[in-house]
Every structure is written in C-alpha cells, then in structure tokens.
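Several structures are given next for inspection.
Look for chain A in each of the two complexes below; its partner is chain B in the first and chain C in the second.
Now for the complex of A and B:
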C-alpha cells in the first residue's frame, strides 16, 4: 500500500495534476474573497451557482460547456505545443482573428455543396493561421527577434486589419457585425444536437480532440517530437546534439499557427448567429489560451481537461449575474488562476520534494525490517 | 494655424502617455525584469485615479484634484506591480506569464469594480483640468500657442519624467547599479549590491509610471474610463524597443507613434488625408507594422538588456 502511494507520488503526471489543482483551488479562493468583499450576502450562493456550472441547465447546459470547450482545447494546444518546445506563441489571438475572417469570407461569399464547403472554409482558416504565425517564426529563426514582441505586434495588426476587411467586404451595418455565413458552411452536428438539444455544440469538438491526440503522438511518440521537446528543455544541449534549431522553430510556429487557425475557423462556423463583431478589443476565446495551456501543464491530454474546467466555470459564471455579480468575476478568477499557475513549477517542486522524502522514509523502514 | 495647433495638441495627448509608460517599461527591462503587464497596470492606475476623481470632484479645486489623482495613479500602479515583482523576483516564476496575468486581471477587475460601485461599466468624469492659458509664457509667438495654451499639467509632467529618467539612469549611482543588474547581475552581486532590491525598485518604478500613464492617457482623450486603454501598454512596449531602451530615443519613438495615432484619429477632418481615402484602421495598425519592419531591418542593438527575463539566484556564478 505504502509502496503504491510512493509510486503515485513520484509519478510526474501526478505532480503536474496536483500543481494544477492547487492553482485552481487558490484561484477559486481568491475569487470567493473578492466576491465576499463586494457583496457579502450574495457571495456564497453566487459562488455555488458558478461551481454547478453547466450542470444547472440540463443537457443543453452540458452541450454549451462542450461548445465553449472546443475552441479552448485548440487555442490551449497551440500555446501548450509552443511551450513544450521552448517558444511562446502569444500570437494565438492574431492567428485566430485572421483565421476567423478567412472562414467567414469563404463561408459567406463562396457557394459550394454542403459536404465540402465547411471543409474548404476550415482549410482556408488554418492556412491563414499558418501564414500569420510564419512571420514571428521566421523572425525568430533568422533574425533572433523575440517571438513574444513580434507576436504582440502581429496581434494588433490582425485586429485592425480584420476590422477593416470585415467592414469592407462582408458587413452587416445594422448589427455592426460580419454578415452571415451560408448554411452549407456551418460545421456539421454529427448527432450532437440530438444528445444535447438546444446547444450549439458541433463536430468541431471531435476535431479538437483528434488534434490533441495527434499533437500527443507527435510530441511523445516520434523522434521529431523528441527533438522538439529537447529544444524546449535545453536549447544549447540540443544544438550540441545536432538538432536543427532554426528548422524546429519555424515548424513549431507553423503547426501552432495551424491549430490556432483551426480554432478560429471552427468557432465562427459553429452557428448562424456567431458573427465577427467589429471592436477595438480582442476576441475573448483565444485570451483563455494561456490559462488553459498552463493548467494543462502544456500536455495535450491535460489541456482537454483544463479546457473543460475553464469552459465549465465560464458557463457557471454567466449564471452568477442573477446574484448581482458581473460576468467579469469569471475573468478575475481565471486571471488569478494564471497568476498562480505561473508558480506551478514551484508547487510541482514542492510536491516532488515531498514525494522524495516520503519514499526515502519508506525505504529506510523496509531496510530496518531487513536488518532485523 | 489653428489646425496645426490642434494637431500638435492631439499629438502631445497621444505621445506623452506612450512616453511615460515606455520609460516605465525601460526601468523594468534595464534591471532585468521583462514587464509585459504594462497595459494592465495602466488600467489599474486609470481605474484608481478616476474613481478618486469621481468621488472627490467638487470638494477641491481642479488642479489640486489632478495632482492628488496623479499621486493615486502612481501609488496604485506601484501596488499592482508588486504582484509581478513578487512572482518574478521572489518566486522566479515565468515573467511573461505573470505579466500576462496582470493584463488579464486588470480589465476584468476594472469593470467589476465600476459595476459594483457606480452601477455601470463606464466611469465618467467632468473634465475641468485643462489649463487655458499660462500668463506671460502664452504671449510668446508660435510657441505660446503650441505649448502654453489649452494644455494639461500632465503634458509637462511627461517631459519632467523624461528628464528625470535620463538623469536617474545615467547620472546616479542607482542608475548604474540598475543597468548592471539588467546586463550581468553577477557583477553587482559580487560587490555586495542587493540585486533583488534593485530589481524590486525597477519594477516598482515601472508600475508607478505605467499607472500614471493610464491616467495621462485617458484624461485628455476622453470624458470617461471604460476599463480599457486600447492596447496602449503594448504600444508602449513597441516604443521601448524602437527606442532601444534609452530615454532620448524613446522620446522620439513615442513622438513618431503619437503622430501615427493622431493621423488615425483625425484623418477624416483634414482635407488632404481625407482625399487619400485610406481608412483609419490602416493608420491604427501602422505603428505595429513599422515595429515589425524595424525589428527585421534594425540594428543588432535591438536585442535589449542581456539578463532581461532571467531570474537571478544569489551567489550563483
């Protein structure tokens, strides 16, 4: 029994999960404290409603949680994948925005049969993401420009460019949003609408999960993925080992941009009511990419679960308005989560230290038994 | 002449906050801590000072009120930046993530506070802070119109901050130590300088200046604060890089970006630009595009302080 415990404690995945759970716990506690400070009476019931999340609304609620999960998995993957290889693709927002525009244009302007229209739109969207991510990738590989800075710049370029392009090419002036995409371009439901009636969940969910599995296989089951992770762990050592770093940087950014573009395409092809709003602010969804990736410890499978969690409290948070709390409360909680997940490495080290001490004590005990 | 004066004032209104925040970012970078949370700190500074203005307006004269609000913005920015300092200096956390966390907390927190205290996500205020005319100085031909009429106290403050930054960074012992901590922290450590303390001060200066920048940005450009500073913190990062982490170059970079920003705001009112028919969004994205181009073509000195972003462990070689 004790042996089993020490085995579990020493497991890397266990340490990662525990560190994420600590971040989540601290984030929720700080959120609750903020709520208590501003509205003592409504804080506890409001908090409970948030924790109930999607479950308070039956099958439709669960469907909505899955709908929000879909883009979060993909944007989280895009960031997490780049993390694992030692890069930081903070430009997911820009790649997502550009891809959303391309998806809307292909879906709204071109006419095609239903079976291929959405596929063409999705491919176009992901290619747009690839192109947008190529710029910081090439700059990093050939000019040693920090990908963080160039990604931030590319984000703003995408924001203003798409605002203008939507306005010029596919605009509905009554709503100040992009015009509708055609029905043929919408993501197929694949039976999800019968399981979760009334919700907008669609086959994008399957695509997201398949992408997560593909990224997992690429990173952990191929030698190319191993070389990518080596670059993430120690750049100099991998260079010494003969790994082509320049090539890796570019490929990683392209794949990351591809996944981010896919997310933008899927979200804006998910329902006829989902239109691009012209605004000086960035789209919400890719903003969650960093918390999702961090909570999931950048592991593809972990990211599926962390997306589910974030989507779950987003849906729960929107129900909190009934108790006098603005929707922004969820924003505060997730932001606090990221802040704590910045320390997740410290939590993880603490867990590992504890695990080592535990197994050390155990081994001493068994040794003393043997001596007797 | 009136048009030119108007454009010039607009340009100052956009450039001065960029200047202040970019100088703040410079202090943080030069001591070795990368602070991409400037945008969030600006929002918190603006939030605190406009809440203060809203509750205190009417009780004191407007220039005193503005001075106090400036103080509030600096202090609130410093307090908020402590989060980043603690995470990146004490806990050696990833500085990008902790900075980004500040950027995400701030807008949500700002709207949350505004909704709860005011019942609306927008904090409006009466703008009574413009100085119409400074006696004697406003009589100087040309310059009088440009610099001493219809101007805000905060504009002069920006120029003061510029001078002070240059002085502190290059003419004081503290400035030398700060720069050493950003380039090669082992060196100051070996002669008994507390690197962690210097870095704390660097981040606090960046927090104070960014908080101030938030107030300075919203004040002349609007009559309300709605929980965003339109990505000005990120633009300030670009200004800092283009300015190669040096106060004087940052000054010119901020003027340049301020001009582009002005174009995007007023192009439709000026016949020449209006006939060109270039939509405002293209002027808006221009500063970012130019930064990317400069990063590609620019000199190698755009690499930044050597130890930026690296945690420092005392006593390690």
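Now for the complex of A and C:
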C-alpha cells in the first residue's frame, strides 16, 4: 500500500496535476480574503456562487463555460506550443486581433453559401494570424531580434490598425462596434445548441480540442516535434546535433500564429452579437493565453483543462456582480486566482521533494525490516 | 561534520557522513563523481540545508544557513572555476565585498599593506596592480587564495585546484598549500588525482556513493589501496594497449585559420595543419584557450572557418553542414556534456537519438518509432553498462556525471563514423570511469577508426595517445611520440617552446 502511494507520488503526471490543484486552492483562499476586504457581507455568498460557476445557471451556464473555454484552449496552445520550443510568442494578442478583423470582413462583406462561408472566413483569419506571426519569426530567425520585443510591437500595430480598419470598412456607429457578420458565416452549432440551449457554444470547441490533440501528436510523436523540443530545451545541443534552428523558429512561429488566428476567427464568428469593439484596450481572451499555458504546464492536454478552469472562474466571477461586487473587483479576484495558478511550477517542485522524502523514509523502513 | 545526510530527487547524496578536520592539517577528500564530495562541501558552506546531522566549528555547534555565515566562521573556498572579475586588478578582486571605506571613499592603501603582508608571509607573490584577464591561470589561483586569507579564513577548501594547471604550476601550488598548513591553516583538498594526494595530504577521507568509507593516514596507504576504496574494486591505473596498426590518412587539416572575434590581430587558430590516420589516437595537448576549442568547432562544423581546408577520407568537408558531418562521418564527444552533449530534461532514450532521430531506423514517415527507440536504448544501456534508475525512461539530469558521460560515449561510439573526436572525455570523472573510457577509446582505435583526443590532462595524453600534438597560441608547436618525451617536456612545449614541427 505504502509502496503504491510512493509510486503514485513519484509519477510526473500526478505531480503536475497535484501542483496545479494546490495552486488553485491557495488562489481561491487569497481570492476570498480579497472579497472580504471589499465587501464583508457579500463575500461568502459571492464566493460560493463563483465556485458554483457555470453550474449555477443550468445547461446554459455549462454551455457558456464551454463557449469561453474554446478560444482559451487555442490561445493557450499557441503560447504553450511556442514555450515548449523555447520561443515566447507573446504576440498571440496581435495575431488574434488581426485574425478577428479578417474573419469579420470575410463574414460581413462577402456572400457565400452557409456550408463554406464560415470555413473560408476561418481560413482567412488563420492566415492573417500566420502573417502577423511571420514577422517576429523571421526577425528572430535571421537577425536574432528578440521575439518578445517584436511581438509586443506587432500587438500595438494590430490593435490600432484594426481599430482604424473596422472604423473605415465595417462599422456600426450606433453601437460603436464592428457591423454584423452574415448568418452564413457563423460557426455551425453541430447540435450543441440543443444540449446547451440559450448558450453561444459552437463547433469551435471541437476544432479547439482537435487542435490540442494535433499539437500533442506533433510535439511528442513526430521527428519534427522532437527537433522542436530539442531546440526548446537545449539550443546548444541542438546545434551540436545538426538541427536547423533557423527553420524551426520560423515554422514554430507560423504554427503558433495559425492557432492564434484560428482562435480570433472562431470567437468573432461565434454569434451574431459578438462584434469587435473599438477600444484602446486589447481584447480580453488572448490576454489569458499565458496563464492558461502556465497552469497547463504548456502541455496540450493540460491546456484543455486549465482553459476549462479559467473559463469556469470567468463565468462564476461574472455572476458575483449580483452580490454587490463591481465588475472591477470581479476582475481583481479572477486575476488573483490566475496569478496563483502561475505558481504551479513552484508547487510542482515541492510535491516532488515531498514524494522523494516519503519514498526515502519508506525504503529505510523496508531496509530495516530486511535487517531484522 | 557529524552524521550529515542530504537527500536529493531520487538520490541520497550524503548518507550519514562524518568528517573531521584538525587544525593545521591537510585533509584530502577523495571520491568518484557523484560520491557526494561537492554536496558535503555545499552543506559546509550553507548552500544546502542538511536533512540530518550537525556541524561543529571549533567545538561549537553551528547552523550554517548561507555562505556569509560560513565566511564569518572562517571557512573559505577556492573554486575550480575562479570567481574573479576579469577587468579588475588583483588587489581590487581581493578586497571586493569587504572593502575598507571612510566616508564612502575606498581606502586601498590599508588593504594593500595587509595584502602585501599576507603574500610575503605565505610566499604568494602576485602583481597586485595587474588585471585578472592578463594573468596566467596559476596567478589567478593565487589571487583566489589571497582573497580567502584576506578574509581571515581559517579553513580553506580547494576544489580540484590542479585541474587547470601545468606540472610546474602544480609543484608551486603544492608548496604554497604546505606553507599554509604549516602556518596553522586547516585545509580540505578535493581531488581525484592520487599522486597529488600522496604528495600533499596528511589524512584522506574517502566517500563512495554518498557513504563514508574510511579516513586513512595517507602515509600508510598506497595509490592502489586508495583507488580500490574509492571505486570499490581493483582498478588498472595504466592503460593497456598494443602498438597501433596505423592505416591511411583519415582526417587531413591544411592551413586552417580562424580569426579571433573582435579587433584582436592574433588568429585563434593560426595556419594549423595536421593529419590523423586510421587506427591511431592523436591527441592535442595544451593549456586551455590556446586554440584547441576552435579547432574542434571547425572540424565539427559548429564554427565557420576563415581559410584552410578540412578533408575526411580524401573528401573536402570544409563546407558541409553539421548534420552532413554527423551523419555517418564524424562522432564527437563534446567538451561540455551539459551544454552540448545532452538534453538534460530528456530521458536517456531521447538523448540516444539526438543526431539520428530522423533516420529510417527511428522514424517512419515523420513519426517517431518509439518501439525501436526503446529497444535501441535498452541495448546501449546494457552494452555500455550505464547505471540508470528507470532504464531508457531515466531523465538524464538525475544521473551521475560518469553515467551521463557513458551515455554520450555509447551514442557516439555506436553511430557510424570514420573519425571520433573526443574532447576531454574524462573530465571530472573518477578513476573507474576513466579506465573504462580509455579502454573504449583504445578498442575503437583497434577497430581501425581515427581518433582525435583533446585533453588538458597530461596523464591522459601520455597514457592513451599514439602521437601527441601540442598547441600553443593557436599554433601546433610540437608533434611527438609519447615514448620520446616526458611530462616535463610536454609542460615546456605547452608554454611555447617549439620542437619537431
């Protein structure tokens, strides 16, 4: 029995999951403290409602959680994938934004049959993401320009460019947002609307999960993925092994940008009510990409679960407004939770150390039995 | 130090080790790699908190929680890789961190007096106004020692101090250490060179696999006994080999030039030409940083060549990519196994396929064939006796240095090649592992492969090679057979005297 516990404790997947759970738990406690500070009376009921998250609103609530999960999986994947290969694609926000615009234009301006319109719009969005990621990728590969700096620049270019373009080309002045996309361009529901009536969840969820699986296969099962992980873990050894790093950097950025673009396309084609709002601020969803990737330990499958968790907290957080918490406070609390989730790496080390001492002590015990 | 225990992931680095240092003695600490010497010293310096045991300094129990605490207790260390500021003078380096100031202004004169007095007292002559970057390694080491003395350290730890020195410098260092002990300092001398321990130490404590084996009086023990205690079995200290059966030229280097980066006029590699024939082990000896590193980088394609020609079996490979050279032509045991040789976060299986993951053997239509990778790994692990906790799934980071090196050796030996370049293949390894690696190199030679060995260890150069080249200042200054020279001669060539080219 003890042996079994020791074996489970020393299992990497278990350690990772436990570390994530511990950091979530601590985040929740600190979140509660923050809530007490802001609003003592409403803190506990508000906290409970946040914990219930999507479940407090029946099937529609669960559907909404899944709807928020969809883009989070994709942006998390885009960042996590680049992490694993030693790059930091912080430009997901810009790639997402530019892709959103392309999706809106193809969906709003062009006319096509319903069966292909959304596909064309999605492809266009993904390609926009690819182009936006290619710039920092090429700069990094050929001129050693830090991808972090060039990505941040590209993010601002995307933000202001899209603001201007939306205003000039596809604008609805009454709402100060982009004009509607055509019904033919909306993501098909594929039966999800009957399971989760009233929610905006759509087939994008399936695309996101399929992408996660594809990225998993690419990274861990193919020779190309092997060479990518080599570059990520030890650049010098990869050079020594004759791996073409320049080519890898470019391809990784292109794939990462493709996934980010897909996310932007899916989100802005998800419902007739989802429009691009002209603002000085970046879009919310891709902003979660880094915490999602960190909490999921950059592993494609882990990212699916971390996206679910963060979406759940977002939906739960929005319900807290009913207990006298202003929107800003809700933002702080979700941020605290996510902030803590980034500590999961620290807890991972703690878990490993504990597991170790446990098995050491056990082995001492069994040794002494032998001696007797 | 009594009953020190320290546990690391998957390994007990120190298991109930007791170690006692008397005042004024030189106490050697001997052990294989991964025996727990460094861990023990790190515990002494407060870098690690021990999981058990206690430390007594001058009879008083002390909790050493960080290196400052260790310094306060008079414990100082001369690291293997010096911790000096290159662009500072010796004096500045010595006072760094404990400067005397008055009203925020440095008072260097007082410091100079004190350092002068110390260097006279212990015979440590150093030009205090010279910058570190202009000094020889031996001089830099003296600065390190003065640094400890300036801080009034009573216990001095020398971590493999001779690894980077020439024979002449080693003699002087040993004299200095003896002087220090005679003046009442207590010295811990970490080494795996048995001859030096015999020369310098009074007592010697031997560790093996994290456990305390024995503390012996050096005068009463022979080298054979010491190495047996360290490894746990009898070891051959000499390499056994027959006369080489030398074949045709495999590697031909002609007029190789590599310019130094920046504005320096001196070439890193200055018109170097040499051959390595099939079935012979040619070694390049020399003090670190005399161009050997650049030659290897050029041969393996990791560094561009400014001019000259490299050919292998008559084929010009100067412009080949790293991958083309790796694939079926050159095997390379790199100088720095952590930086170049291994991906530490990968498991053994993934490290074995580092250069060949894309070949048909391991890859079908772009998909890795995990079955054949596992089989291949199991085979290599068995064949080369690599000790690993979980077989092919062992994360390389968790393995000892010796076994990591064995893993690289296994991979490079097993890959198809005509030329094997081994750069310091035994660096930091214990006698047992060194013996093993030398045997493998000789076996490879007897299989008719050309072997180029780059080493800073004169023992190794003398023992293993069939022919010796000495590099100095980017040029080859000697081309000799080991039977025609003594270690002392080699030491002189390494300092620049030309012979036989």
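The rule we apply is simple: the second predicted complex is superposed on the first by the 358 of 372 C-alpha atoms of A that agree within 3 Å, B and C clash if a C-alpha of one lies under 4 Å from a C-alpha of the other, contacts with A are read in each partner's own complex, and residues count from 1 in each chain.
Just so we're on the same page, contacts are C-beta pairs under 8 Å (C-beta built on N, C-alpha and C of every residue); 3 or more make two chains touch, one makes a residue touch a chain.
Because the structure is predicted, anything quoted here is derived from the model rather than measured.
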TODO: For A:230, select first, second, both or neither according to whether it touches chain B, chain C, the two together, or no partner.
DONE: second
- [ ] Check the residue A:287 against both partner chains and state whether it touches chain B (first), chain C (second), both, or neither.
- [x] first
TODO: Report for A:222: first if it touches chain B alone, second if chain C alone, otherwise both or neither.
DONE: second
- [ ] Could you look at A:241 and tell me whether it touches chain B, chain C, both or neither (first, second, both, neither)?
- [x] second
TODO: Answer with first, second, both or neither: which of chain B and chain C does A:210 touch in the superposed model?
DONE: neither
Open item on the list: Looking at A:150, would you say it contacts chain B, chain C, both, or neither? Reply first, second, both or neither.
Closed with: first
TODO: Check whether A:51 is in contact with chain B, with chain C, with both or with neither, and answer first, second, both or neither.
DONE: neither
TODO: Please determine whether it is chain B or chain C that touches the greater number of chain A residues.
DONE: B
Task: Doubly contacted residues of chain A, that is, touched by chain B and again by chain C - done: none
TODO: In the complex, go through chain C and note every residue touching chain A.
DONE: 7-10, 12, 51, 300-302, 321-327, 332, 334, 339-346, 350, 353-355, 357-358, 362-363, 366-368
TODO: Show which residues of chain B lie in contact with chain A when the two form their complex.
DONE: 36, 83, 87, 91-94, 96-98, 100-102, 104-105, 107-109, 111-112, 115-116, 121, 228, 230-231, 234-235, 237-238, 241, 279, 281-282, 284-285, 288-289, 291-292, 295-296, 302-304
- [ ] Write out the stretch or stretches of chain A touching chain C in their complex.
- [x] 221-224, 226-227, 229-230, 233-234, 236-237, 239-244, 352-353, 356-357, 360
Task: Sites on chain A touched by chain B in the complex - done: 34, 38-39, 88, 90, 135, 139, 143-146, 148-150, 152-154, 156-157, 159-161, 163-164, 167-168, 280-281, 287, 290, 294, 326, 328-332, 334-336, 338-339, 341-343, 345-346
